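Residue numbering begins at 1 within each chain, and the chains themselves are lettered A, B, C, D and E in the order written.
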Amino acid sequence: MTRPKPWYKHGGIITGIVLLLLILIGGAAAALVFTQQSPDQPIQFPHRTHVLIGAQCQYCHPAVAFSAEAGLPSTDKCWGCHQQIERQSEQLDILASYVESGEPIPWVPVALLPDFIHFNHLTHVDSGIACETCHGDVSQMTVAEPQTRWNMGWCLECHSRTGEENFVRLSDCATCHY
Amino acid sequence: MAQVTEQPRKWGMVIDLDLCTGCNACVTACAMENNIHYTGEDEVAYGRGLYWMRIQRYWHGEYPNVGPEFTPMLCQQCGEAPCEPVCPTYASVHSNEEQINLQVYNRCIGTRYCANNCPYHARVFNFFDYEIPAPMNAYLNPDVTVRSRGVMEKCTFCVHRLVHARIDADTQGDPSLENEVTTACAQACPTNAIMFGDLTDENSPIRTLFERSERGFQIMEELGTFPSITYLKGGGVYGGRD
Amino acid sequence: MAAETSYLTGARADLEQSELAEEHLMLDPRPREEMNQMVMEAMTTTTPVYWAWVGGLALIVAVCLFGVWGYMTATGIGITGIRRPVFWGVFIVTFVFWIGISHAGTFVSAILRVFKAEFRRPFTRAAELMTTFGLAGGAMYPLIHLGRVWTFYYMVPYPNARWLWPNMRSPLVWDFLAITTYLLSSTIYLYLPLIPDLAMARDRTTGLRHRIYRLLALGWRGTEAEWHRLRKAINIFAFAIIPVMFSVHTIVSWDFAVGVVAGWHSTIFGPYFIIGAILSGVAAVVTILFVLRSTMRNFKYFIRPEHFDALGKLLLVFSMAWAYFFFNEYLLSWYGGEEAVQRILTLHATGPSAWVWYLMLICNVAIPWLTLWNRRIRRNPLAMFFITLAINVGMYAERYTIIPLTLGHQRMPFDWGIYNPSIFEISIAIGTMAMFCLLYLLASRAIPLIPVWEVQEGQMAHSLKKVGKAHVPSVTELE
Amino acid sequence: MITEPIHLALFEEDQINEAAEAISILRSQGVPDRNISVISGVPLSEHILGRPMSWSRVGLIGLVGAVAGFLAALAITYLPVLIYPLNVGRMPVFPIPTTLVVVFELTMLGLLISTLLGVFVETITPSYGPHGYDPRIAHGKIGILFTCPPEVDCESYDQLVALGAELTHNLQERKLWP
Amino acid sequence: MKSKISRRDFLKLSGAGLATAGVLTGCGPTSRYVVRQPYSSMPEFGQTGVSTYYATTCRDCTAGCGIIVRTVEGRAIKAEGNPAHPVSRGKICQRALTAVQGLYNPDRITGPRRQARGGGSVEEIDWDQAVEVVGQALQGNAGSLAFLLGGTPDHLFDLVTELAEALGAPPPVRYSTLQMFEGRSTLIAATEAVYGTPAVPHFDMANSDVVFSFGANLLEEWLSPLAYTRQFRQFRQDAAGRRTGYLVTFEPRQSVTGGSSDLWVPVAPGSEGLVAAAIGRLAAEARGGGVPPAFAGVDVNAAAEASGVPVETLTRLAEMFATARQATALPGGNALGHANGLESAVAILTLNSLSAANPVSIIPVEEEASAPQGSLQAVQELVDRMRSGQVSTLFIHGVNPLFELPSSLGFAEALAQVPQVISFASFPDETALASDYILPDHTGLESFGYQRVQAADRPVLSAMQPVVVPLYNTRATADVLLAATQQAGAGLDYTDEVAFIQSRLRPLLDANDPDGLFRADEMPTFWAQFLQYGGWWTQSPRLEPAEASASGGSAIRPPEPLQSGQLHFIAYPNKLGDGSVANRPWIQETPDPMVTATWNSYLLIHPDTAAGLGVRTNDVVLVRSEHGELETSVYVYPAIRPDTVAMPFGQGHTELGRWAAGRGANPAVLFPPQANGAGDLAFADTRVTLSATGRRRPLALIESLDGVYGEGH
């Protein structure tokens, strides 16, 4: 006489559980991978090339010096240089088409914080924080790549290194959330 | 932020009830500054208007010697705020830097405990996602978070202005920039009945009024909340004729 | 046991004995096997009416509780009647109500066990089940009432990247911890004495049920070591769960009492709430015992008028205790003369919602006091059913008075507000009620509702002793 | 472990005195206490049956759990505010009265959960004594399981039967869990 | 400037709403859904992330307050007071604060259209067609043209006046409900009668120690609410914070001003002038030195009886007035909006001459300021012309006559007689939808212009400039008219609106006033500073004390006694003003100061009267006058005369978009078409009867009625 198989050894149930787990894990993994990839940009802007020829970050993103936001360069600014130099890439033709049409270039922001966080570039630049501290080494990037470490603990960790009396101010909720 | 070691400030407000005409300009100014949603007739009628500030109007006397008593009521930014310790998630928390009471929207899970425990009824709740039809959402202030459904909100003493003023003062090396900051209600108030300033600043015009005015009182002082707002009693006779 | 019958001679003694046996379960022993069969029969008998109830309740739970909750999550808490300044309404009232109900099991099975009140034996489990399911219903409300339920985990202390933990100074976190503790421990406390009965059921079932009971019975054989261990564990629980029980409702009361809200800030709230909770819990036990007795097979043997009688006496005592606390709270607040509190107390009695206040007093004081002194009423299960229902209505009204009606009339008359519960809130409250009934219905057919071994143990310990010319029941201390 | 055959002497539920007598007979026959175990449908204390006290560590395990809960409570109350102090309502950062509540709850939670764990662990821990079972136990019968060397068998069997026991020999060891 | 602005591109945060939703719920990478569109060319005056502030002038009433609008990346964020502006001095009222909700109102008219009147077919046209339509209309018989404008003394009025003159058309007719409610024409006429100059006088309240306000709701809606509220502050407290000043208000309904006054005297409607005259007589007697002829004929007892104010009170107040260092009497709309309004105004103004120091002064007037003010009389003449078919084309701008005018005037019927109606409204208001063409003007925050400020202590020409690029396909009415004029060859040779404005600035530039806010050698610099500062004004006050010519005032007729069952009905403007801002949700949601009501109309009624009628707050009553009827909820108001009911103006729109339409009731249907001696509507002479309907419609109140008025209120 064979004992009946316990319920948890039925093939269907095992398959179901395995499938469910796969879906959950797969979904989580896909979400993780997906968020860590650069989104499609209208132009495959080569940050690397521009850094290599010596362009400073603030040349194209000057607003960091006077406002909370970094800002994106206007088409005019791109064209200011690129109409002078030889077009070596078909990406520049895309730029040229935007210049002709006068349409804004629909960049997809990568370094984007939620609405309830009021990050201020000005103060960070003013206190000498280098761009790559947060944005990674763009000299190795084509289009901007998302950084994995942006979370509140990371912000606070850096703030806590500014010294105890500063940390009172820099750990205040209203520093970022209002 | 180059040097950040000076004494923390304590922001405070003085509201002169003798000058308050009850015009409600502060209410609208607050709404327009802080991206406060309108809620519509039915919701207002049911006590769900999102007023961070409201003017209470009581009556005194009998006809014909009858008259209103106006009290602008907003978050008192208590030193010992009853709303703070009851929040399970630190969404209502005291700012050591500004000495005000903060509401961190993204941390709020909507228990509404703080609102029950606020003796001033200064807190309002986002019962729904209130939509502002396009293009009207274009006027939303980018410095102030747009609150979503299910979070508590309240007067912030225009903390975004305070933070921006501090950043300006620090980065431009001009501390006076921070002294000029004021809240939207005080800025709008046609009679200057609402005055805002830094209570730690010796030269601040409101410091004397806040601490020493003989008309000064604080609402529900007996609860030991240590409000940051002093009201100056109105209606009485002081100094002048009659 | 029945060994003493030889002492009794004559018809009068027989009559006396049969009367006593009819009266007392403990003096009406049946062979253990027969009792086992009775319990198993009750557990396995299902009628179409039963399934209709299960189906109906399941539908109500699905629609009124989870459906409406889902709708509320999708649209916002605004579909309730909550408004400024009444930010807590039916949800919190029902929450406190369920937490109160959940005191029944612990009171019956822990306190009565500690004090060796023998009449508890047949219904400890029924009461324990109420605790667990009442808590399950109550514990949902802190989630339901959240504005953003999807972020509820901010309340859970877990390591995170934000450097932020829950605020351990908030009564809501205490609530969270206390309810978690109480839910877990009362579930365990339900489970431990169940093990021997599960073993019994294991030996009498086949198929899926057998496998489940086998798993749950942990290989129970009934050896001395197992009994010893079980008893020790039960003793630890009985003593430890009593302070937990007190702490739970005290902390629930602190949700209100720590506030500066006029009418809430009272040091008496802790015991006041506990007494209220026990009152409503014991009343709910009576209610459910009546339902069990009249619907389940063989239960008329186990649940007898003597139990209603005993519980009725308890209810009367607790009703008086509740009235004492109520009066205390009322008198001192009134005497204290704080304007806001006085105004609230006046409004409770005269305001637009005064009927709630009067309902509370009628149901909690008038009805029990007028009826429960009478032994005949106490021994009438149907009467007790209605009386205890009324007590729970009264306790609901008490919580309603304390929460929305007090919140609506705080220190600033300009900002008073009257709260009107919406259909959605009421539906969710009904939904949890249905969920409680549904779980109970399902459990009644899943586990032995009578702790047979405890009944047998009690029957072994009881005997009739001749004192002078009378035969009186006597209890032998077997432990 | 025990390879010797297991015998079961079953008594009716009201034959407690006889069962106690049977145990002393077995003992006098040279069956050590560890080779006897009593199974019953209601708890019968050792004193009633004249058995050595059985022991349990449930209490100790519970105590350890309580201490663990206590420490966990202190940790989650105090450690986070040490890292990142947040000020609420001008309460002290380490307020003792509020901590007591958390400490109490978590201590009790630790105690109660570990008591269950103790029961569970002790149940699944291999135990001494004959491992037999008879479902009639739950009918209220009292069973005495024993193993004994073959030389003492006949005499003791007779004595047990004389006391009213129903004897079963060579009981199959049944696996009851999981 | 204009071309620069039109080149400006928006930074469109198109996905921001989505991002907010996504992030606040904590799901997913928002960067997937947000597209950020940078400038294709960065305007040199806009920097990313930095606010830009533009000074302009509020157009929501005729006071002409200077405002500063904060813009961020091409979006107008918030209006704030212009600290330099002599009218607002950095302060602001609710209406101006919500200006951005007008600008971004989703119900705006997005382009020129031809339509069937009364909401029939709508046909989008382009601006060339629109200009052609206007041009053809202008080419027709000039005598049959009619322009109906709002009351604001702005550049458009000047342009249309000039245009009408050039075409030989009748001068533009103006109407402003707010000016009607403050009785501005009556005030100007009375000022001419008393001081010899037709102007809006300036009352020096700040330096007075006693102020008697006869129906002037100066804190809420009078000549210049912000300027007079500021004066009130100085009057109420001196620089050291001591309480000074004693304010007495004479009005049947306690207004915001009455609420802030030291003594509120509930006089019978229409008897304010009598009271003023009686006080004048008593004060003159108390002061000695003879009673001025204007007050000589006053019977104090009769005045006391007619007004319901005891003689003792009058005497006490008169003594206070006589002994004050400087006492001011303010003639307000409630006193002037009666058949005896002009005489009352004269009496009240004359009362000022009894003050020890003269509180009244006149601003030296520009020649335009003497242009006719809007009044009911002028509109009535227009209606008569329309009705008799003398008008072929009616141009309407800045006014909503179908809503604002008393319906008893018959404007709606007269409008039907006009073959072509061209509206320049920005919003689909009642009149715009009853027009043949809507050629939408820019809203105030999108347009250029100037406004002459009439109620300041100095000459002020307040500047208007666009703070954002026009949202829609709208066009400045001035540009449309100029283009059409050129098509019609009518001989106005301004290239566009800005050129016209600059031509009007030229005299200021040339005058080179040393006290002017700024001076410049040529127009571009002057223009730039004009826009930058938000206008031109003199740095110091420039007031000429007004000398009363001692002439005898005519006798003031006492008000007609009420017939049985009748009540006085007083409509008053509150936050909603003339109702044109009723489509802004936050002005609707802002509570009324005295009633705390939002979003709807209500009828203020004395508790005793309400009890007699058997109604309580929130009950609906039927209000009936000889000329019409309406239904509204009641608010039992303790500070109103028992024989008077009052109702705010501004609700009761049938159109004007989602937030205004179908809300409340419009008291204009009750007004009689009678005018007072100066041609202003005698709106306060309305008599009504009330009847309860048995229905109940709760008002959206901020207050708890139970809490404030006790249970059962």
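Structure notes:
Definition applied: a contact is a pair of C-beta atoms (placed from the backbone, for glycine too) under 8 Å apart; a residue touches a chain by one contact, two chains touch by 3 or more.
No experiment lies behind these values; they were computed from the predicted model shown.
Chain centroids computed from C-alpha atoms place B closest to the centre of all protein C-alpha atoms shown.
Counting C-beta pairs in contact across B-C and across C-E gives the higher total for B-C. Mean C-alpha positions place chain B and chain E at a centre distance of 30 Å. The mean-CA centres of chain C and chain D are about 29 angstrom from one another, to the nearest whole unit.
Chain A and chain B have CA centres that are 36 Å apart. Chain A and chain C have Cα centroids lying 54 Å from one another. Residue positions of chain A touching 2 or more other chains: 114-116, 156, 173. Contact with two or more other chains is made by residues 151, 163-164, 167, 169, 173, 412-415, 417 of chain C.
Contact of a single residue of chain E with at least two other chains is seen at positions 20, 24-25, 702-703, 708. Those residues of chain E that touch chain C in the shared complex are 25-26, 702-704, 706-708, 711. Every residue of chain E that touches chain B in the complex is listed here, in rising order: 17, 20-21, 24-25, 72, 75-81, 90-94, 97-98, 100-101, 103-106, 209, 219-220, 225-226, 229-230, 232-233, 236-238, 240-246, 254, 256-262, 264-266, 471, 575, 585-594, 596, 598-600, 606-607, 638-639, 663, 698-703, 708-709.
Of all the residues in chain A, the ones that touch chain B in their complex are 114-118, 120, 122-123, 126-127, 165-166, 168-170, 172-175, 177-178.
Across the complex, chain C meets chain B through its residues 75-78, 82-85, 87-88, 142, 145-149, 151-152, 154-155, 164, 166-167, 169-173, 176, 255, 258-261, 407, 410-415, 417.
Against chain D, in their complex, chain B makes its touches with residues 78-85, 87, 90, 92-94, 96, 226.
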